[in-house]
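This is the structure I have questions about; it appears just below.
Chains: A, B, C and D, in written order; residue numbering restarts at 1 for each.
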Amino acid sequence: MSKSKETPAAKANAPEPSYLTAKSGLMSWLVTVDHKRIGLMYLAATLFFFLVAGLLAIALRTELYTPTQDFMSAATYNKVFTLHGAIMVFLFIIPSVPAALGNFILPLMLGAKDVAFPKLNLLSFYIYCIAAVMLVTTLFLGSLDTGWTFYTPYSKSTGTAVIMATMGAFVAGFSSILTGVNFVVTVHKMRAPGMTWNRMPLMIWAIYATALIQVMATPVLAITLFLLIIERTLNIGIFDPALGGDPVLYQHFFWFYSHPAVYIMILPGFGIISELVTVHSRKHIFGYRAIALSSVAIAVISFIVWGHHMFVSGQSELAGIVFSFLTFAVAVPTAIKVFSWVATLYGGSIRFNTPMWYALVFLWTFTVGGLTGVYLGTLSVDVHLHDTYFVVAHFHYVMVGGTVVAFIGGLFHWWPKMFGRMFNETAGKISALLVFIGFNTTFMTQFFLGHQGMPRRYYAYLPEYEVMHQVSTIGSWILMVGLFTVLGTLLHAIKYGAKAPSNPWGAVSLDWQTASPPIEHNFHDTIHVTGSPYDFPEIDKSGAHH
Amino acid sequence: MSSTSAHDDEERPWFLAHHFDTVGQQVSAAKLGMWLFCCTEVLMFSGLFLAYFIIRTLYPEMVLGASEELNKTAGGVNTIVLLTSSFTMALGVRAAQTNNQKALERNLLITIACAFIFMIVKYFEYTAKIEHGLLPGNWYAAAEHGYMLPKYSRVFFGVYFTMTGLHGVHVLVGIGVLSWIFIRARRREFNSENYVAVENAGLYWHIVDLVWIFLFPLLYLVK
Amino acid sequence: MSLVYLNGKPVDHPHENHHHVSPVWQFTAVFAALVTLTILTYLVSYAGLGSASLPVAMAVAMVKASLVIAFFMHLFYEDRVYAFMFLSCFIFVAIFFTFVLFDMHTSAEMNEEAGIHYKRAVEDSAEQADTNRAFDAPAPAKAGH
Amino acid sequence: MINFSMMFHGQLGMLGVPPEKLGTPPMSDSPWQLLPSASNHAASLDNLYVFLTAVCGVSFVVVIGAMVWFMYKYKYKSDKDRTSPLTHNGKLEFGWSAIPAVFLMVFFVWGEVGFVNMSSPPADAIDIRVTGEKWKWTIEYPGRSMASTIEVEGGEVAPYLIVPLGQPVRLTMTSKDVIHSFYIPAFRVKKDVVPGRYSTVWFTAIEEGTFPVFCTEYCGDEHSSMLAVVKVVKPEEYKAAVEAATVLEQGASETAEQFGEKVFKTFACNSCHTVDGSAKVGPSFKGVVGRTENLADGSSIVVDENYIRESIYQPNAKVVAGFTPQMPTFAGQINDEQMNALIAYMKTLK
């Protein structure tokens, strides 16, 4: 696509140090405004919380190995699943792809020197840290047992640290808003010369759509949590039925943000997959325009489907019917994406590198996740499946099988760019296999549990569900081993990996047109873009195909 | 096709950040960012407005009865005060655009003064409410102060204090932002090429005004 | 420098930020209109328009808001992207309001059809009945020791 | 119109039933099996469920099959590989947007019809009241003063919903504290039970059997023990079954005093009257029999069996000085046998 036209003067320059070595010392990291370093700091923080929340999940699954109470009391179980959810959602998934990976590669892909507001970028990282500290502090204030959704009136009456937790989520929301504003402006204003909207990599489209949702939806979460806090402290009576309020309204307020938030979590994953399937099959993406526009379409439609979380909540049946209809409308752009990715493989030259294995795992798991979403959007079927393990399995297929798998694939894909080191391919492939097997064993069984009526958030259950719970628990241990293999492989690469070339995968997008790791200001020269980011040299232009 | 190298010895104005190529790019980025921030403010307040409409739907008579207790004249005066401050703010931006240093400082000062007047009027309103026990939530004590208000009136005062309180916080933040802009203006940092900070502070201030334009009739006036 | 790009597109005239300076009389006129409308709403509130008062007040507030946005905030003269972004957020607000209020109204209606009332309403009317009874009957026996 | 004036009474103090003690027969033996279709909704919903599974299964096989086939067919062979220049295909893209859209509309309409049916109870449905609170259900039948319960394994007492085969039943539900959700998997019905609101579900049971009821909206510590049992009986057995589940009778091995204590707790007398001498809403029962009370009208009375009986059936006739007349009448709720046992129990409180 693009050719970096180096001026003679630039060529004469001695090789510039990379962003990792340009400055040294702890302070050079703490006060950096370099998007790459901020991205890495986000990465370290989000992976830490992924580890914490992941271990909590393993504890939950282990408790569920038998139908009766094992090593956790009911109260402890409730606190652990709440923390698992809250940390995963607010501290891991929402910032993972956009803030960690996105921060690193967005300006690189755009051919920009940095994001539009570098200081704001650093500020949003520190706001995120404050939020993380607040959420962790709840552990010392009696923890939290409301579930990550903070439903009223339970969250109003429980004795746990609801205020600290909601303030943490509130602050995390600000971090998310600032990142969103920053990215929208960056995409609008910082594109390299010649990078028209139609020449943007699909990863950028996905991050752009995500950032739009962050800007438009998160303020509503902020005000919802604010109202919850004053409701709990002052009893003003908006959500509390005893004082004249209505608890179902809280659900409306909450899901108006939190449904779009689901797409904050998954859209960047879509972007990563679009990059992975093209680069590793050396094929132009199939249906560029459809994928790009469907990202924006999903972003907009995601705002009008929140009621499908409330089909049995006491929302009016008429509203339920409208929301069900709109929910099916959001399924179409999602289906288009999956078909387009599979079609991209057609006629390619598929290299089974580790990132590609993760992309293929994603296609499997996300297809399952998407199709089971259709069950839940169907009104009468949802009445049966709502708040059962079917829902648990569905959103884990989308969030873990979708976002996390894409995120890991993206990490493997961009790791050579981030650290200038290649990882061990064999270990990477083994990790993909373990994740695939472990994940499907854990969550496929939960679909069966759900359609057999097993409700969510039960620490003890009827004996008839025991066998499937045991299979699921064993799967979760395999998944854990797989994820630790991922971590080990990546960390090993930083220290012992072979030196990576600037473009190990033969990609065309701008992020690969600079050194690995990149120099501090990304590019020596302003890059001029003249074509598509998917115009691989391997593509046969002679007309021999067809 | 040639390229512009970052290492060219172009004339870069002092206020142009390293990662932008032109002043125009920097200015339009800053403005777009500010507009997006305005969007988030609108959406955030929309939640409170929705809460208001909901209690109005649930208890129409209660809202009408309870809103009678608010001081319409104080609200009206405050509306005029805020509109005036918006007007002078717009003139201030214009003064920066036209290099009119004196007018810029003067208009900023008037704007800040109006913000203070707004808060003072608010203070008297709140004091009156406190005296009558018309307070949000736990502190609501209308009956003890001899007020026979409709049932659930405390919900109305909860929403009233939340809305005006959050708006008041925005006014206070606005005072801070405008004072900072005023100090920078005194240092003669702004001119017809570099005034985007004034403009963005202005956008923020207009949003504060905008919210009040809706708050006033809904809380104070509507029967 | 043969080709200059703006927002990714080649442009002939690289002067991106043309400053539009509005005349003072325009600001003054807008201000006058805003004050007039405020006084108008204030006076109308005493007129007692009944059920029309909310739509009228909202309409006037929207006119005022539009004036502020278009002229004070200068949106009328800006890049259309800003207008698109800012106005689209009102679409989301409208979605939010419409669906929630739609749910409230329809569930009230459907419950009424099915003969179900808000529990609160039932309790309130029971309370009301109790109070009425208390007024009808002689004061209940309640004496000291 | 439902009669909302029905009074609620406390039940035997029970904080949920541990799932392993519920003792309902397993609903299915294998994960592939559908649950018993024990209600009219289940039958129609299962058809849709199977249809959905068929369509989604075929879609999955097509998508993943294509993926696997391409993986095999187009795998990297050498650096001389040349790839297809294909970038889009309008007809194909239209096709794979339109065909799913058609199927999705079928799902929507089918699901919507079922949902509307689930939300429209027939006029002749039997009305049963359900109240949720942390962490138990209270199930009450019209005309029965006692909540319906059944003793399950280990002496635990579970709420007991009895429904007649083939007759529509409507549950009108509300919550006393937080949101709960009433879920009968075998009937495929579920509805949140919201404080401050009434919500309803209805169904017609079409299969005899005993099935579990779950709370599916997280409600705190003992959420997983907030269970109940639903039993479908033949219509001719219904009345007797309900009566049997909603009575309070002296057991063969119980003394009158023991039974009286059960009555005392069942009717929640202890929420107003203590047995330790301290006054609550009403006078304490400690040493009440034989005590001389000053009444609110200035006279005094020696508490005997007649006075107790009168005070329970006409509570406000003779109010003890210092207390407000707010006790509800228990006439028609406490029968003679229970009354005698209660008095026998009160006599033991010295």
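Rule of thumb we're sticking to: a contact is a pair of C-beta atoms (placed from the backbone, for glycine too) under 8 Å apart; a residue touches a chain by one contact, two chains touch by 3 or more.
The model shown is predicted, which means the values in this text are computed figures rather than measured ones.
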item: Higher-contact pair (C-beta pairs counted), A-B versus A-C; value: A-B
item: Nearest-to-centre chain - CA centroid comparison; value: A
item: Distance from the mean Cα position of subunit C to that of subunit A, given in whole angstrom; value: 34
item: Whole-Å separation of chain centres (CA-atom averages), subunit C against subunit D; value: 41
item: For subunit A, residues contacting two or more additional chains; value: 188-189, 216-217, 220, 241, 244-246, 248-249, 314, 317, 528
item: Where subunit D touches two or more other chains, by residue; value: 119, 195-197
item: Junction residues of subunit B, two or more chains touched; value: 1-2, 4, 25, 28, 32, 36, 39, 43, 46-47, 50, 54, 58, 151
item: Chain contact graph, described as a line, ring, star, complete graph or other shape; value: other
item: Chains touching one another, given as label pairs in label order; value: A-B, A-C, A-D, B-C, C-D
item: Touching residues (chain side subunit B, partner subunit C) in the complex; value: 1-2, 4, 22-25, 27-28, 31-32, 35-36, 38-39, 42-43, 46-47, 49-50, 53-54, 57-58, 72, 76, 79-80, 83-84, 86-87, 89-91, 93-94, 97-98, 151, 192, 199, 202-203, 206, 209-210, 213-214, 216-218, 220-223
item: Contact set on subunit A toward subunit B in their complex; value: 5, 7, 9-10, 112-118, 120, 177, 180-182, 184-185, 188-190, 215-220, 222-224, 226-227, 230, 233-238, 243-246, 249, 253, 521, 523-528, 530
item: Residue ranges of subunit B touching subunit A (in the complex, touch as defined); value: 1-7, 17-19, 21, 25, 28-29, 32-33, 36-37, 39-41, 43-48, 50-51, 54-55, 58-59, 136-139, 151-152, 154-155, 158-159, 161-162, 166
item: Subunit D to subunit A touching residues, read off their complex; value: 18-20, 22, 24, 26-28, 31-32, 34-35, 41, 44-45, 48-49, 52, 56, 59-60, 63-64, 66-67, 70-71, 74-77, 81-89, 92-93, 96-97, 100-101, 104-105, 107-108, 110-119, 177-179, 181, 183, 185-186, 188-192, 194-197, 199, 212, 214-225
item: Residues of subunit D defined as touching subunit C within the complex; value: 1-2, 4-5, 119, 121, 172, 174, 195-198, 200, 294, 296-298, 316, 319, 321-322, 324-325
